[in-house]
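Remarks on the structure that follows.
Read from first to last, the chains carry the letters A, B and C; within each, the first residue is number 1.
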Amino acid sequence: MKVEEIARLIDGKLCGAGEEIEIFRVASLVKAQINEISFVEKAELLTFSNASCLIVPENFNSEISSALIEVKNPKLAFAKAAEILHSPKKRDSGIHPIAVIAENARIGADVFIGAFAYVGENSVIGNGTQIQAGSKIGDNVTIGQKCVFHPNVIVEDSCAVGDKVILHSGVVIGADGFGFVRDGVNDYVKFPQIGTVIIENDVEIGANTCIDRGSLGLTRIGAGTKIDNLVQIAHNVQIGKRVVIAAQTGISGSTIIEDDCVIGGQVGMGDHARVLSGAIIGSQAGVLPGKIVRAGVWWGTPVQPLDEYKRQNAHIKGIARLKEEVKKLKKKLSGK
Amino acid sequence: MKVEEIARLIDGKLCGAGEEIEIFRVASLVKAQINEISFVEKAELLTFSNASCLIVPENFNSEISSALIEVKNPKLAFAKAAEILHSPKKRDSGIHPIAVIAENARIGADVFIGAFAYVGENSVIGNGTQIQAGSKIGDNVTIGQKCVFHPNVIVEDSCAVGDKVILHSGVVIGADGFGFVRDGVNDYVKFPQIGTVIIENDVEIGANTCIDRGSLGLTRIGAGTKIDNLVQIAHNVQIGKRVVIAAQTGISGSTIIEDDCVIGGQVGMGDHARVLSGAIIGSQAGVLPGKIVRAGVWWGTPVQPLDEYKRQNAHIKGIARLKEEVKKLKKKLSGK
Amino acid sequence: MKVEEIARLIDGKLCGAGEEIEIFRVASLVKAQINEISFVEKAELLTFSNASCLIVPENFNSEISSALIEVKNPKLAFAKAAEILHSPKKRDSGIHPIAVIAENARIGADVFIGAFAYVGENSVIGNGTQIQAGSKIGDNVTIGQKCVFHPNVIVEDSCAVGDKVILHSGVVIGADGFGFVRDGVNDYVKFPQIGTVIIENDVEIGANTCIDRGSLGLTRIGAGTKIDNLVQIAHNVQIGKRVVIAAQTGISGSTIIEDDCVIGGQVGMGDHARVLSGAIIGSQAGVLPGKIVRAGVWWGTPVQPLDEYKRQNAHIKGIARLKEEVKKLKKKLSGK
């Protein structure tokens, strides 16, 4: 693709010559070579580049010989250029002869279903969706259009997945939530786990992540939310739109995370907590059951505003000195 | 099912009229509608309900128009009602034509084995057990009666699973434990991982949880124990009866957890620790190797009794004030 | 196998009689019986043993009736004896009739491929490698010689795995890294995840662990590195040789762990951190983004040298006393 065309598609301004240069692929700034495009987030980060073209911030001044495309947000423009140059692999539509599809399942147009995949009774697969080898879709499941399920994804009975959802390998949607009632000294009785899961449009969920079904109601993942690998989402959790959750975080039952929150890795949240829109929670933080977390940056266990966390840490580091001072005071006093 | 019959089956007292009302399903208190049954844990929590029937505590006084069933433990009775009204889906017995079963495997009566499932040599599957699509049972494995294995469960060679065990999707039973011996500067030699795993009756294990085989001996999960998603149980761990372990907790090698303990989520336990019967360990706690944790409630890293943890946290919050006081004392002293 | 032969193979000195004794298997010191071999790490740990043969430290003095083999490192020698006596189960080579192998995949000699396994286009499987039931190998993947993949392993497109690599059940190699760029208020755009993963020789990776592909470059796991269950390795992470990583640890993007580090369980590392060769990081520790961790033992969140961590913990425990002392000083001062 010509530099000129890329500039047009990512809404950038091509500076100087070079519009005829051919670009084959994206690359990192350091490794990019001829016929490759990369990006510079801040002018001062650029020392050299062999890239044929660079996406740069506006009013970029450089002696560099690469063709330059000026944009407002170079990283975003680069991501868009990558989407254009490296469109995700699309398997030819068709159902592999060794897949098992229930007779009354409804499979849309242009669908790919790989080897050893299973689709249960009354389930619906939307147009253009790709279900790779070994994935298992239960009964009464609805899958939207243009989804990509990597190998060995599980969607249990009665769950619903929207359009353009990406599920990575080993994801489990709709396992039973974890709820038991003690019956005397000798037994636990399973609390009913007969709800379901709704995954809205444009959600991406990382490898081996688990999203449990609601016990009586729903577990819901809002549109545009992105969840990393090995995350645990318990029954009846409600996650809003455009929430980002990093790897190995665990959210307990009935907790609500509102739109546009960012949750770090290995965070733990108790049940019935509520994270208000715009909150950012640092990695390894712990949110107590029932806690309300307001907008702002939060850190530590139990979670507190980052400023307080830092102040407290400084205080802890200062205990040794404080001890010394008390010792001196004691000496002074008793010395009289 | 008639209200009268439900009352009888859950051992409750039907109050007032309504014994002829038909109940089709359970629901949450807020969402329940006509022909649905819900429950009230405490009288003061009830503001309204459209449920046709409510399970309530004894001596419940209410103006509500729903039929009432009085019981000692409403949540437990509700769970039992749900078991009756929503008996788990039972697949028709039979082995899917695209499953692979070793010739010398012994498959009990009324067993369901789904598509792409595999059962290895000399393995035994008990009566009434259901093994869903894509699960793999190794060689010399014994599975009891009336188990339910969700899709893509793995049970490796020589492990033994009791009766009525539920394994959720992606569970891995019997992977090698993690043990290596350093051989000079250039190599690790694998310590033998040739033991096995025993899962006793009535155990339930959550999605993508891993239970490693013993290195030389056994890893054992006691009867009635319930384990959530993404939990790690290392080699030679001994877990007692009716233990509850929440999501993403990790238990290191040879640690013992006695009967009736409750372990929160994201807890980490070092190796060779021992958690005595009746201990409750809060989420994200850390138990050091070799530590003995007695009955009671424990919290924090390293784990300490909840009271001490709270006191310590209060002390930490008080450092700033302490600092101020020392400052004042200093001033006062030097002012003389 | 005769004791004499084992002594020779593990380079030990057979003491006293017994060279003709037959050994069938290894066992733990406490459980070992006739025809079994066990080991003693320190002489004082031995109280009794029914083992027919014991591997013991040099200059071991004992009245015990078992045959003794003296070596420098008994645990290492025992591991080697176990390797000899319990060579890992080797499936007969051959491709299961219900496996799917792309026509242009190149399968080496003496390869086992189990039922429901899938090998994609242009992929290469080296001699002697065993791929168990349900594993899925994408397109353009290279797998070396003598690897063992347990059931339901996933290796996504274009990843490369060296020789003698063991991947346990449910491992996911090469899922997309977690990177998104905010596009205005309503959308996240996926940052390209078009790099790959290289797993070098002699690596072992535990069940359900995830190793993401590089975004633009590589994620690399160095030779001889051992990774436990449920670990998360993000895009572009570089792990050196002979690194040991315990269960449930998570390493964020672009972080570097140099050779011979030991990382405990449930550790979290921010992105772009660097752990220098020889560092040991305790369980549940947290490494901040960009942090450099030098050789030595580290603990806590944020991570600090173990000595400092201990000192700080002692200080925290001392706050209550400090408070008392300040109170007394105040009284004394105001009492004048």
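Just so it is clear, contacts are C-beta pairs under 8 Å (C-beta built on N, C-alpha and C of every residue); 3 or more make two chains touch, one makes a residue touch a chain.
Predicted, not measured: the structure shown is a model, and the values here were computed from it.
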Fitted rotation between chain A and its twin chain C in degrees, CA, nearest 5: 120
Interface residue overlap between copies chain A and chain B, same or different (over half shared): different
Inter-centroid spacing, chain B versus chain A (mean Cα positions, whole Å): 26
Chain C, residues touching no fewer than two other chains: 98, 116, 134, 152, 170, 208, 230, 248, 266, 316, 319, 322, 326, 329, 333
Parts of chain B lying in touch with chain A, wherever the complex brings them together: 25-28, 31, 73, 75-76, 78-80, 82-83, 86, 89, 96, 98, 114-116, 132-134, 150-152, 166, 168-170, 202, 204, 206-208, 224, 226, 228-230, 242, 244, 246-248, 265-266, 283-284, 316-317, 319-320, 322-323, 326, 329-330, 333
List of chain A residues in touch with chain B within their complex: 98, 100, 116, 118, 134, 136, 138, 152, 154, 156-157, 170, 172, 175-176, 178, 180-183, 186-192, 194, 208, 210, 212, 216-217, 230, 232, 234, 248, 250, 252, 266, 268, 270, 286, 301, 311-312, 315-316, 318-319, 322, 325-326, 329, 332-333
